[in-house]
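In the two complexes below, subunit A is the common chain; its partner is subunit B in one and subunit C in the other.
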Partner chain A sequence: MARLARVPWGLLVLIAAFFVPAAGSRFYTFLANDIAIWALFATSLNLLVGVTGLVSFGHAAYFGIGAYTTGLLMKKLAVPFVLAFPAAGLLAGAIALVFGFFCVRLTRIYFAMLTLAFAQIVWAICFKWNEVTGGEQGMPEIPYPSFDWISGLPLVGGWRTAEYFYFLTLVLVALCLWLLRRIVGSPFGRMLTTIRENAERAEFIGVNVRRYELAAFVLAGAFAGLAGGLFGIFNRGVFPDFAYWTKSSEVLIMTLLGGMGTFYGPAIGALVLILLNQQIVAYTEYWPFVLGTILVVLLFVFPGGLAGAAQAAARRVWRPRRA
Partner chain B sequence: MLEVRDVRKSFDGFMAVGGVSLRVERGQIAAIIGPNGAGKTTFFNLVTGHLRPDSGAVVLEGRDVTGLAPHDICRLGMGRSFQRTNIFPKLTVFENVQAAYLSHRGRGRDLWSRVARLYREETLALLESLGLLVQADEVSGFLSHGAQKQLELGIALASEPALLLLDEPTAGMSAAETRETIHLVERIARERGLTLLFTEHDMEVVFSIAQRITVLHQGRVIAEGPPAAVRADAEVRRVYLGERR
Partner chain C sequence: MPDPSFVFAQSVSGLTAAMFLFLIASGLSLIFGVLRVLNFAHGTFYMLGAYSAYQFVQWIGVSGGMFWVAALGAAGVIALLGGVVERLLFRHLYGKEELYQLLFTYALVLILSDAARMIWGTQQKSVSRPPELTGAFSLFGATIPHYNLFILLLGPAIALSVWFVLQRTRVGRFIRAAALDRETLGALGVNVDALYTWVFVIASFLGGLGGALISPMRATTPGMDTEIIVEAFVVVVIGGLGSFWGTFLGALIYGQVLSFGILFFPRFSIFAVFALMAGVLIVRPWGLLGRPLK
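The block that comes next holds the complex of A and B.
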């Protein structure tokens, strides 16, 4: 078990992911790109749900804000990606600071409802503000970042733009996940865990619970914004439904499916949900029905999600050897 | 060390604490006793900032802390334990105590260091003095009730308080566990030069270690003084000791 845990799984997956365009079709590259972005989105949500114990029903707001920020900057103002991408995180984080200020004053279901309410406001603005966001029609034709400099290099030349963007996504998502992992494993992350476990006790060891919750909310929003920034380009357009509540529920389902008790659980949830969706949609139009059934089974059989179940199984396999 | 002046608190017209004053000197072991519903826990909550008094003042080392939030009061050197067990159940014993060190020493804003390496020695030393060292890596929620109460004391001590408030530290313990815990508390208080204020229902415990006793009844102080004087007080005998024996 200990040896199994020491394997750098994350790094292995990252390396394997770089070979998807070489090994598979364009379609698989597309799927892998989708999964990578959602993995980051779901992991950012888990900083709230799994680590701090705050269930947000409106996390898509920050994803949407990030997507519009990068999209607008690149399409309308021709700002290069190097600036437009971090701007997504900054603006999403700034707005999370404003919304979060109010949200962390409430607890449990009231917190969740207020996050949802703020997300609906964001959605309504994206939907109605025609001059800036393109309103209901959204904003198609977001340009790709320029990859001219890289295609001239030896060894890495010769791919299509979509594939370069996929490689770029991998690097940026890996970087963000690494940052999030450091945050979860830091003293700050431990303080968040004490809030999840027992907020009252946390106050009495000197933790300013609201302020830490707000910090977690801002960080989660910023990383969701970065995921959104990538998603707009990947999707070749930004649309109001990026911030709609169905997106919030989708990412929450990924987090639960994968398991919120582990760091990589939500990313695994993103992988499984997207692949399942792809497979099942080919057979039936009742995908939501299948999804609902899977969720019900999951919540009863594997309350710790897929990652939690895998961990328990690994422990069962490895324990006899140690004894 | 601690001075409480005439604090009052009522809930929907019910007077839970009706004007209680109290002084605890540095290094003293003081106790609050009183029958159930006398207002002991409410009084604790007023002092620690969990509740805001309707009127009156709480002064900690010459500083008015009335109405401050618990995390601020904690930082000023007041630690507390709770009547019902109050720990971080899914964290290990080690992590419970370490978290209190991290918070107290202001490392909570650190988003970068690896948490596992921080304050190992301090945490292990404290666990050893509490007799919890062998259980350091166990998930704290699975400990026995007695061990959880000791862990809770450990969490309070890791905040390195000058004044420690214990709300019924032996609630729900067997007679043997009670004796053990009280010896532990007394030893640690002496070793660390702590000032101690505790509530307790076990009379034997109170009269054996407290230097000063305050008796609450229906939200008011009916007697106050050294154990012998309190024991002899006619009013106390009538409302409290009489009831028990």
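The block that comes next holds the complex of A and C.
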């Protein structure tokens, strides 16, 4: 068990992911790209839900803000990707700072309701502000970043634009996940877990709980914004329902499916859910029905998610021998 | 300044919308007040109420008072469904983390709304108005259909009767006691499990009735559940989660803000409603007429 844990799984998955375009078809590259982006989105949410214990029902707002930011900058103002991508994280983080300032003052169900209200405000603006966001019709034809400079290089040339974008997504998502992992493992991250376990005690030992929660909210919003920025380009368009409340629950389902108690759980949830969706829609158009059923089973049988169930199974198989 | 008869018509239409919202939101508020669960599936019960009413009307028609049979039948079916869901599934989640409860109700949304799509497809369904109420009359230069007048009278009537049940009957006293302290009530020999089921049944009945009664006014379509539930959340949050008259007030405010918002800022009326919700949560999280939770 301990030996298995020492294997750098994250790095191995990343390396394997780089071979998807070479080994598989264009379709698998598309799927892998989708998974990578949603993995980042779900992991960013887990910083709030799993690590800090704040249940946000409006995380799609920041995903949507990021998608619109990158999309608008690249399509309408022709800003290059190197600037438009971080801008998504910055703006989403800035808006998360404003919204979060009010949200962290509330507890439990009221926190969830306020995040939902703010997300619906974002959605309403995207839906109605036709001149800027394209309103209900959304904003199609977001350009890809330019890959001209790279395709001229030896060894790495010869791929299609969508495949270059996939490689770019992998690098950026891996970077973001690495950063998130550092954050969760840092003293700051430990303090967030302390707050989750017992906010009152954390306060007694002199921690400014609200400030820590706000910091987590901003970070989660910023990383969701980065995921959104990538998704708008990947999806070749940005639409108001990116910020609708059903998107927030989708990403919560991924997080729960993978397991909130572990760092990579949400990413695994994204992987499983997207692959499952792709398999099931081949047989039936009633994917929501299947998803709902999976969710009910999950809630009643495996509340720890897939990662939690796997850990429990592993503990049963490799029982650590204490000296 | 727009012409007064138009303003009047606008406020009447806001009031009609408010009565529907009240019907739906009161069930949501009741479930939250007693069971302490935010039920996302309540909007889906409303949608299923509309579809069931359509189905009953297909079988028995609307004339000769049959519309009322269909509407009550639909609400009854939804009440039964609510009771079954509570008994078989929901009750295992009491006392679990909020996230699990919220996601369970969301799973119900997915399952039930997809089931509705399997049964009734994606085409819009419409129900004709009951022949007794097809006319309209005019008041201060505004035309008001009789059906809307009926809704305007029904809303307060239902509010008063639910209030009467809660305040003046034995069951109502138990329900209020369960909202305050479930364990003590159980220790005093009241069957709290059965009481919870009844609360769920009543709430589902109100939601189903709302859907059945709106079916002659708006086409029934898939997706109306996710729309209405957010509106109902706004209403209960403004009025105060778990507060009965707060829900009534919240519905009135919502209806007026929406219909006058459309008049003055056509583009941002939905925005105004959510901004109002956020504002209330920031200033007074327990809502205008609610009490802070312990």
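The working rule: the second predicted complex is superposed on the first by the 319 of 323 C-alpha atoms of A that agree within 3 Å, B and C clash if a C-alpha of one lies under 4 Å from a C-alpha of the other, contacts with A are read in each partner's own complex, and residues count from 1 in each chain.
Criterion: contacts are C-beta pairs under 8 Å (C-beta built on N, C-alpha and C of every residue); 3 or more make two chains touch, one makes a residue touch a chain.
Computed from a predicted structure; not experimentally measured.
Overlaying the two complexes via subunit A leaves subunit B and subunit C side by side, clear of any clash.
Of the two partner chains placed by superposition, A:Ala222 touches none, neither subunit B nor subunit C.
Of the two partner chains placed by the overlay, neither subunit B nor subunit C lies in contact with A:Met139.
Touch criterion not met for A:Leu73: it reaches neither subunit B nor subunit C.
In the superposed model, A:Tyr212 makes contact with subunit B only, not with subunit C. In the superposition on chain A, A:Arg201 makes contact with subunit B only, not with subunit C. Touch criterion met: A:Leu256 reaches subunit C, while subunit B stays clear of it.
Put subunit B and subunit C next to each other and count what each touches on subunit A; the higher total goes to C.
Touch criterion met: A:Leu299 reaches subunit C, while subunit B stays clear of it. In the superposed model, subunit B and subunit C sit 80 degrees apart as seen from the Cα centre of subunit A, a figure rounded to the nearest 10. When the two structures are aligned on their common chain, the gap between the nearest CA atoms of subunit B and subunit C comes to 14 Å. Of all residues in subunit A, those touching subunit C in their complex are 49, 55, 57, 102, 105-106, 108-110, 112-114, 116-118, 120-121, 124-125, 127-130, 245-246, 249, 252-253, 256, 286, 288-289, 291-293, 295-296, 299-300, 303. Every residue of subunit A that touches subunit B in the complex is listed here, in rising order: 182-183, 185-191, 193-194, 197-198, 200-209, 212.
Residues 38, 89, 92-93, 98-100, 102-104, 106-111, 113-115, 117-118, 226, 230, 233-234, 237, 241, 267-268, 270-271, 274-275, 277-278, 281-282, 285-286 of subunit C touch subunit A in their complex. Contacts from subunit B toward subunit A in the complex involve residues 48, 50, 69-71, 74-75, 79-80, 82, 86-91, 95, 98-100, 102-104, 107-116, 118, 155-156, 158-159.
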